[in-house]
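Two complexes are shown next, each including chain A; its partner changes from chain B in the first to chain C in the second.
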Partner chain A sequence: MQPAEKIREFISKNLAVYDEGAVFGDDDNIFALGFVDSPFAIQLICFIEEEFQIKVADDDLDIENFTTVNRVVEFVRGKKGL
Partner chain B sequence: MGDVLRQEEIVNEARRFADEEVRPRAGEFDEHEELPRDIISRMAEKRYLLASLPEAYGGLSLDPLYYGYLTEAITKACCSTGGLITVESSLVGEALLRCGSRDLKDKWLPLMASGEKIGAFALSEPEVGSDAGAIRTRYQPEAGSFVLDGRKKWISFGAIADFFIVLASCGDQKTAFIVEREFNGVRTQPMKGLLARRASHVAEVELENVHVPAENVIGRPGGGFSYVVGTALDHGRYSIAWSGVAVAQEALDAMVSYARKRRQFDKRICEFQLVQGIIADAVTKTHAARALCIRAGELRKRGDASAVVETTIAKYFASRVAVEVAADAVQVHGGNGCSSSYPVERLFREAKVLEIIEGTSQIQQQLIARYGLRQYCRR
Partner chain C sequence: MTRAKEIKCVVWDLDGTLWDGVLAEMDSVTLKPGVKEVIRTLDARGILHSIASRNDYDDAMHKLTEFGLDGYFLYPRIGWNAKSVAIAKLCSDLNIQTDAIMFIDDDPIERDEVKSEHPDVTCLDASQYNTLPAHPRLNPRFVTEDARQRRLMYLADTKRKQDEDSYEGPKKEFLASLKMQFIISQAKDEDLRRAEELTARTNQLNTTGRTYSYDDLRTFISSPKHRLLVCEMNDKYGSYGKIGLALIEIAEDRFHLRLFLMSCRVMSRGVGTVLLSYIMQEAKKAKKRLKADFRNTGRNRMMHITFAFANFRATESDDSGNIVLENDLSVIQGYPSYIDVQVR
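Right after this comes the complex of A and B.
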């Protein structure tokens, strides 16, 4: 599975909305849309570290790095030097 | 295997320390509303203050499971003493470790570990509790620094803290700062007459035109709520979950010991089936709470993202069990349970606070319900 698919799947499993029609694109800001709850920011960091075996440093903890699927993919690729 | 043995020995020593040096004085701490400096110094000597943090910073590098066991051991003897570990390790220490710059970590963590500096986590306010995102303490950038104004309340160890992690807002942005007690405009007022945690030096903290240097920002400006508060509360809930197990187990020990000695109707009261029913429920609930904490600890050890919700479940359940078992322990003690001559009176009060701090049970229920609604829907 590609990084984008893994990230999309993780977000989908953790949506805080129950509308079956709730969908998000790879450039949609899941925080601004209210699709996730407050603990999700930390859960997402745990997931990224475990799944992609990278360390998210204090300098990386900018919410802008993690608001959309594409931004998370970009962040992971940057960390892995891809 | 070597590290497991090392950690087991630390926890065994913590149990001895709690039995010999903490439990005998717990009533005195509660009565005098003070955790004395000598106990804080002893905890620092034993490196308990930052037990979960790396040894490089003066901690014990305990993994989450053994950190839980240590928290249980100390909190079981005295909730305020255990509370100091929660504040230093889980709230302030872990937030700094995860979100702080190298300079902040290098400066503050060793000082905290040695007990030279006490940190406190200043989030709640007079008008802001569960709705933490609505904080009213404000900051304004000014000539390379920040100016803070506001008031914080219910700050554990705030009356003796040397510095505070303060969450403040500027427009939509929320940022966390290290505010030192010696900065101009910082005042604290101890809060007395509390239901519990009386020895935890709980205080109000007033910030009036406090100038904070830019290097004291924790993480990036705007990341205060999602990451600094998120990290602190996640670790704090884990610590409180184990505190629930601690209070329940201490109450259970007291309940059983009393029921085996107390005689009524020419029998020991433990021989009555209705009392045995209370004991059976207390044993079962306490074991179940501990199992949830162990499960959360194992997931945390693996860095599994589901540890966040499992920790929430453990905190919600263990704090409720603490309330129920402590109440039943008072019931088994009868009139004696209503007297401060017996520890269950204090445990009864201490248990209730666990359902409120680090997120009320109702906030935990909301988070757990959201998890259940997405996890267990047949499609």
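Right after this comes the complex of A and C.
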């Protein structure tokens, strides 16, 4: 599975989305998709760290890195130096 | 002023510790004199009890029921595993750190085994059991209503978790089925003991780790330059009690969030984000900027993540891990439909 697919799957599975059957694109803002609460945020950070073997540093904790699937993919690529 | 942390849970061995004798080897064992009172006394102070014992589970529980003590122990670990493993599992079940555990056992080998895995656990010989009520770390300065109810709240939570684990529908549907109510109010005099307790007991979901005394907090509620918010939560299983606190300093141009914390009891419910949203709305209404303090305590990364996902950005930092964040209030999430938020 490609990173984008993995991330999309994780988000759709773990976010309490407003509309269960919702299909969302890689550039759709996840905040518009459901309520982004702290347990979800924490799970997402842990998922990224474990799945892609990177460390999310304090300085990386900026919402801009996590608002869409593509942003997260870009962030992971940047971290891995790809 | 480094006061040793309060013990949150006492873990008991059974044979030779809670009772005289070895259950597997004899027909009758007898409780140590006065041990029941020790347990009740600590329970009434909001201190939890658990068990780490090498015994047959059913036999031991049967005996505890006979003694009228079965309801006092949360997550009893009775089996044949190492006690250090039992304690690690207990910490994760109760969501507390090993330094908040006291372990009491008559066998020095067991105490050493626990100590070698968890150096932070306070280990005591069984002969000391009568001294527990006087132990400084088992004497919280105040015993609040929340503390008295603590064990029952944990029991309700166990039921909640079982139901959650066995729920198979979508997450949102489960959350809606809980009928959560989240109540935000200005702290009143009668809330302050619990507020003080929250600042002392909450480590993980705490933005600065600062503790405030009853008197400090009392000053804030009468100060026009401060707002102290307290949050309460309940759902269909019962009350979680008072579980959140926020201290806002009101300056000329800004709200400054000095303290923001949530009890671990509601960690999985996302209500921290709800309270942040409320504070952001209030700042916007008052046409003020919103800043917040954060200090990395080594345990509170979750709060940093919570801030970040609520659109807070670091604007200043120093060498000792203190950060000031600011929120431009451009994006404020509404409340989720599955939580009934009330402001009183």
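Just so we're on the same page, the second predicted complex is superposed on the first by the 73 of 82 C-alpha atoms of A that agree within 3 Å, B and C clash if a C-alpha of one lies under 4 Å from a C-alpha of the other, contacts with A are read in each partner's own complex, and residues count from 1 in each chain.
We take it that a residue touches a chain if its C-beta (ideal position, glycine included) is under 8 Å from a C-beta of that chain, and two chains touch if they have at least 3 such contacts.
For clarity, every value in this text was computed on a predicted model and none was experimentally measured.
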*asked:* Quick check for you: in the superposed arrangement, does A:Phe47 touch first (chain B), second (chain C), both or neither?
replied: first
_Looking at A:Phe10 after the superposition, I want to know if it touches chain B, chain C, both of them or none. Which is it: first, second, both, neither?_
first
*So, A:Phe35: does it touch chain B (first), chain C (second), both, or neither?*
second
*Between chain B (first) and chain C (second), which, if any, makes contact with A:Asp58: first, second, both or neither?*
both
*Hey, what residues of chain A end up touching chain B and chain C alike?*
14, 16, 18, 37-39, 41-42, 45, 58-59, 61-63
*asked:* Could you list, by residue number, the parts of chain C that touch chain A in their complex?
replied: 170-172, 175, 267-274, 296, 302, 304-311, 313-314, 323, 331, 333, 335-338
*asked:* Going by the contact rule set out above, which residues of chain B touch chain A in the complex?
replied: 98-101, 133, 219-220, 222-223, 225-227, 230-231, 234, 302-309, 312, 367, 370, 373-375, 377
*asked:* Show me the residue ranges of chain A that touch chain C in the complex, using the header's touch definition.
replied: 14, 16-18, 20, 31, 34-42, 45, 58-59, 61-63, 66
_Give the list of chain A residues in touch with chain B in this complex._
10, 13-16, 18, 37-39, 41-47, 49-50, 58-59, 61-63
